[in-house]
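One chain, chain A, appears in both complexes that follow, with chain B as partner in the first and chain C in the second.
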Partner chain A sequence: MASIAAAQVQEVRSITRIERIGAHSHIRGLGLDDSLEPRQVSQGMVGQKMARKAAGVILQMIREGKIAGRAVLLAGQPGTGKTAIAMGLAQALGPDTPFTSMAGSEIFSLEMSKTEALTQAIRKSIGIRIKEESEIIEGEVVEVVVERAAGGGGARVGRLTLKTTDMETNYDMGAKMIDSLLKEKVQAGDVITIDKATGKINKLGRSFARARDYDATGQQARFVQCPEGELQKRKEVVHTVTLHEVDVINSRTHGFLALFSGDTGEIKSEIREQINSKVAEWREEGKAEMIPGVLFIDEAHMLDIECFSFLNRALESETAPIVIMATNRGITRIRGTTYRSPHGIPLDLLDRMIIVATSPYSQSELKDILNIRCEEEDCQMSADALTVLTRVATETSLRYAIQLITTASLVAKRRKAAEVSMEDVKKVYSLFLDEHRSEQFLKEYQDEFMFNDGSGDASQVMMEVSQ
Partner chain B sequence: MVNNQEKLLRYLKQIETLASDILVDKNEIIMLDKRRNKNREALRDLTKSSQKKYWLTVGSILVKHKFEDTKTLLEADQKQLNIDINKLRSDLKIKVNTLRDLEMQPPVPGLMLVPLSQKETEGLTKSNLFSL
Partner chain C sequence: MKRKTCLIETFESCENYDKKHRNIQSGTATMYKNTIWYHTLLDAEKSCLKEEKVKKIHYKFEDGREMVEEYNVDTQVLLRRAWKVKGKLGGEGKWHVEIGDPIPDAISNSDCAEITECKDQPQVFRRNTRINLEWRIRNLPYPIETYSISANNDERCIVIRTTNKKYFKKFKIPELERLNLNIEQANIQSSHHFNTLIIMYKKPQQLLDMEKEWYEELKKVKPIKDIPNDCKTQ
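The block that comes next holds the complex of A and B.
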């Protein structure tokens, strides 16, 4: 029966696009207009106007190269958009500027010392731009004629006719060239490039004009336009590499594999010095341009006093990137000492930094942010569900409310509704606790938990969060 | 008010002249390349055939030359054409950057860089830095 057959045809969902939706994936930029004034809701950023304006000024300074070697500190309560502003800055700088993002605790690893990890992170944020140049002949093949001189010991003569939209010419080919042409199986209608220096032949595809030649072509058939302009072009390719990549490639025989596996180990300082001198030489000859990028250290209070001293010195060098740190601690102990200082960062480093403060969001801003996250996580929410969620966010925290979005949409999907309603939000609110309710719960039942100290609220040292 | 209009007009004129300059240069490079290729074909034919005298076109006049003279003339022409094309190309780069500057766009990255030498490129490609 047709209906049974139809029911057995499973719906095939294409899962080719696997997009990871992260906590800050909705941010496309800083959301500033042409005069660097922040718009209320733009490019994924909402509110927080002062901090965004400051970030815009910093962006301009980075673009003009005027801030290399100085540091910026983003400080504010948790959930006020510090990481979001850093993400926005990264997007606004563009793909050409190296942007390294790391957390403070990533410095500590058994494989590398802290200074090595910091040096690597710093060198990952400095790029150099170099250019390769080659003369190539690019054109569409009109015909290939290969004749074997009869009885002449197999000396072959070949003639290749190439054309572009503007001109056409023919080339006499030697034996090696004929060999490579035959190897590449070049036919009339192919668009090829011939490197003049190396003689390498590269097939770009088939010309569109010859697309109707055959009824069936193989899978690899790629069609390109007939090239225009002159036949003998000068091809320039500009590469941007980071200093870290150059270090790794030079430090071992198969260095490029280390770049992928991340297992770089300690790189000797002689190698780094050689690379520095080579890059300086190239810069003088005009062969390379230095692009200072941005190193973003989140949770900067996790760095200890040795790292801070190292950073002090590293910022003084002439090839230093812009360091942006973010922290949400108030006056806490500097790791590695018993001294207390603002944000857990020593005062001499704080002195070198430009500090940008972030403030908590207002209720309407929270609503806008939740709206944007709903769109990003592909979830339809009714208006009162959104209001309830905003109230939840105001009372508990923004992050908790964002977590509820996907969970509520899954609950709604289970009951086959298109929109998330207030009941769904209430249900997930009761299912998943926020930190305040979890704390209450623990206070009541802490005796029944394993490994409980039983000391209760007497010696509770609250984590200091900046006010 | 009139001042602003004048300024705007001047600015637009500047941009348009520069843009048409660039297009004219590009066309000229194509023309020169055509001539270069024709010369190359001619040189090829010269070496293959065994005539004693050849007809050369100078403008719209045909002049007869001996074999050696023809060869020298063609080769000198090729050299000059190469120099011209290279000069046009470097000037073109400067003009393109000036145009982008006028249009308030950032300059093309890396346009003004001196290219790496053959050995350096080889070393970098061999170490797979560029395949990344």
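The block that comes next holds the complex of A and C.
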């Protein structure tokens, strides 16, 4: 009995685990209404109405899915919400549309060529919806147990017990499966289906047998019968796979070489051609449907001239996704050349793009964003502290002000206060320098730093060369 | 008018076909030769390998499917039958074992399989003997009274239920299905030892005859003599 109790305590702890907070985790959509008009504050988005409206039009274009190979450039100063708009677009598209996000510098790798990396990214952004027979586990959850293996920080071990009206089985789970179970907040009494091949979890509802467990169940709680018969069934399921996944399945060498599988390296162009013709065949027979997705390249100015000319051609193929790029550069050198061009992107590619500009936020918008971030980071902030923080954001940068939220809340916690006060913000403002004050400091004390010959020009020369 | 007579004729031939089926079920000795299964076996491209006491036959069917059978040379019992199952998206495909012990994976599957049954959960193995079709369900600790095993001819399967609602399994009998035979409750026997439930189904005469005949037929396939030695260095 003791062990069961211990297991249950473990279960409670792991399910109420804190989710990690990222820089854009407060974004839940583009914040548009049904007629694609932007709301002032909605779904974590604030202001930037023109850009969001433009994104709404692009969203509609993607949903209709007819036009392949459009490119969109999000251009604006740092911290004006370019990445946020891209993330919002991804959220608004939903999980069924492939959305690949990469940084421009990701393509520079020793393992594969630049064009191969770009091709893979492009093929990751095109989905194929296909019917396939698959092993489905369908049952009512009896117990979820997640434990850490003995030894410091060992791999987590998970066990899931499922039942139907006729049988009961225990399952072992891998780390990914545990994560997605926790993410879906699966608990005892839920009726779920799990796709055995992909590990996709679908919550069908709560079992009728558990209908009286709680007095306060949410409005949306749906009650379903406990399934009967065998737990594991073969069912026709509609899968969405990306072209890249099909490439990988068909390119992996079996037998002895499979020992070294894992990273795929480069994929031969013959395989890609075979798959393209096969997919075309499936589409003609009505077996599969193509879903053009979105490839988002952040920091697009980090791509070089070869990539740009490759993209020029790739965008013209009929199996091209919609490419969204973001850059914060003005007129600058195109990487790999000595030519200067707007946004660091050659004019011929710019000509194929529609450009969406983002503009700096106003003071009240900054306040709204900081407020949203405070909520996201679970931090109570007094009104005057928020005003100070907004001042900081206008005078330095929004990113720096956001950094101060959690640090200030930690300072407030140290003095056991429930709310972050103005003093806390001031304290962290003095503790952590922003970019401007740091520069000032360096200018003052430059002579005392290492490797400094006193002339400011030397470092500039270095920069030119390294570019 | 001509059309009509023609229709009647086809109708009659249909009736004949039905009669044939009835004949099969009543157990006329050589009726298995008319089944689709026997014909596909005959038409398949076969190759044979002999390794000590095991005779391995590889079938390549006209529709592209592949099957491997392994026979014990002394007892003429089928030790293993496996089908190659290819995914719709392509790739190499995996071997699905119909009869015999599963083929151990060269690569541990633990990385890619995100959810698997625990090691201590019941597992079904097929192992046929000369006169019986056998299912062994290991890791079933409950006493023999717990199980009820029944033939279900609507779904053409055997159903195992447990009174404590801990285990439930439906399985088809492909051997009987291929010969269009019904499942007879009277042919089912079961026993329970060492946490293993063994279900035996007496092979009907049809199946016995066919297996015997087919083994004779397989003698025509000449085993490959010069097996390339995969460990030879150049």
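Note that in this section the second predicted complex is superposed on the first by the 323 of 467 C-alpha atoms of A that agree within 3 Å, B and C clash if a C-alpha of one lies under 4 Å from a C-alpha of the other, contacts with A are read in each partner's own complex, and residues count from 1 in each chain.
What we mean here is this: a contact is a pair of C-beta atoms (placed from the backbone, for glycine too) under 8 Å apart; a residue touches a chain by one contact, two chains touch by 3 or more.
Model, not experiment: these values are computed from the prediction.
*Asks:* After the superposition on A, what does A:160 contact: first (chain B), second (chain C), both or neither?
*Replies:* It touches chain C, and chain B stays clear.
*Asks:* Counting only touches as set out at the top, which of chain B and chain C does A:238 meet: first, second, both, neither?
*Replies:* In the superposition, A:238 touches chain B alone.
*Asks:* If you stack the two complexes on chain A, which partner ends up touching A:286: first (chain B), second (chain C), both, or neither?
*Replies:* After superposition on chain A, A:286 lies in contact with chain B alone.
*Asks:* With both complexes overlaid on chain A, does A:103 touch chain B (first), chain C (second), both or neither?
*Replies:* In the superposed model, A:103 contacts neither chain B nor chain C.
*Asks:* Regarding the shared-chain residue A:132, is it in contact with chain B (first), chain C (second), both, or neither?
*Replies:* both
*Asks:* Quick one: is A:199 in contact with chain B, with chain C, with both, or with neither? Answer first, second, both or neither.
*Replies:* In the superposed model, A:199 contacts chain C only, not chain B.
*Asks:* Applying the document's definition of touch, where does A:246 land relative to chain B and chain C: first, second, both, or neither?
*Replies:* So A:246 meets both chain B and chain C here.
*Asks:* Have a look at where A:177 lands relative to chain B and chain C in the superposition and call it first, second, both or neither.
*Replies:* A:177 sits against chain C, while chain B stays out of touch.
*Asks:* By the touch definition above, which chain A residues appear in both interfaces, chain B in one complex and chain C in the other?
*Replies:* Residues 130, 132-133, 166-167, 169-170, 172, 229-230, 241, 245-246, 249-250, 255, 259 of chain A touch both chain B and chain C.
*Asks:* Using the touch rule from the top, collect the residues of chain A that touch chain B in their complex.
*Replies:* My answer: residues 96, 129-133, 166-167, 169-170, 172, 197, 229-232, 234, 236, 238-241, 245-246, 249-250, 255-256, 259, 285-289.
*Asks:* Would you pull the chain C residues touching chain A in the complex into a rising list?
*Replies:* Chain C residues touching chain A: 87-92, 106-107, 110-111, 113-122, 161-162, 165-170.
*Asks:* Looking at the complex, which residues from chain A come into contact with chain C?
*Replies:* Per the stated touch rule, the residues are 130, 132-133, 137, 159-160, 163-174, 176-177, 194, 196, 199, 229-230, 241, 245-246, 249-250, 252, 254-255, 258-259, 261, 275, 278.
*Asks:* Considering only the defined contacts, which chain B positions touch chain A in the complex?
*Replies:* That would be residues 26, 29-30, 32-34, 36-38, 40-41, 44, 89, 109-110, 112-116, 118, 121, 124, 127-132 of chain B.
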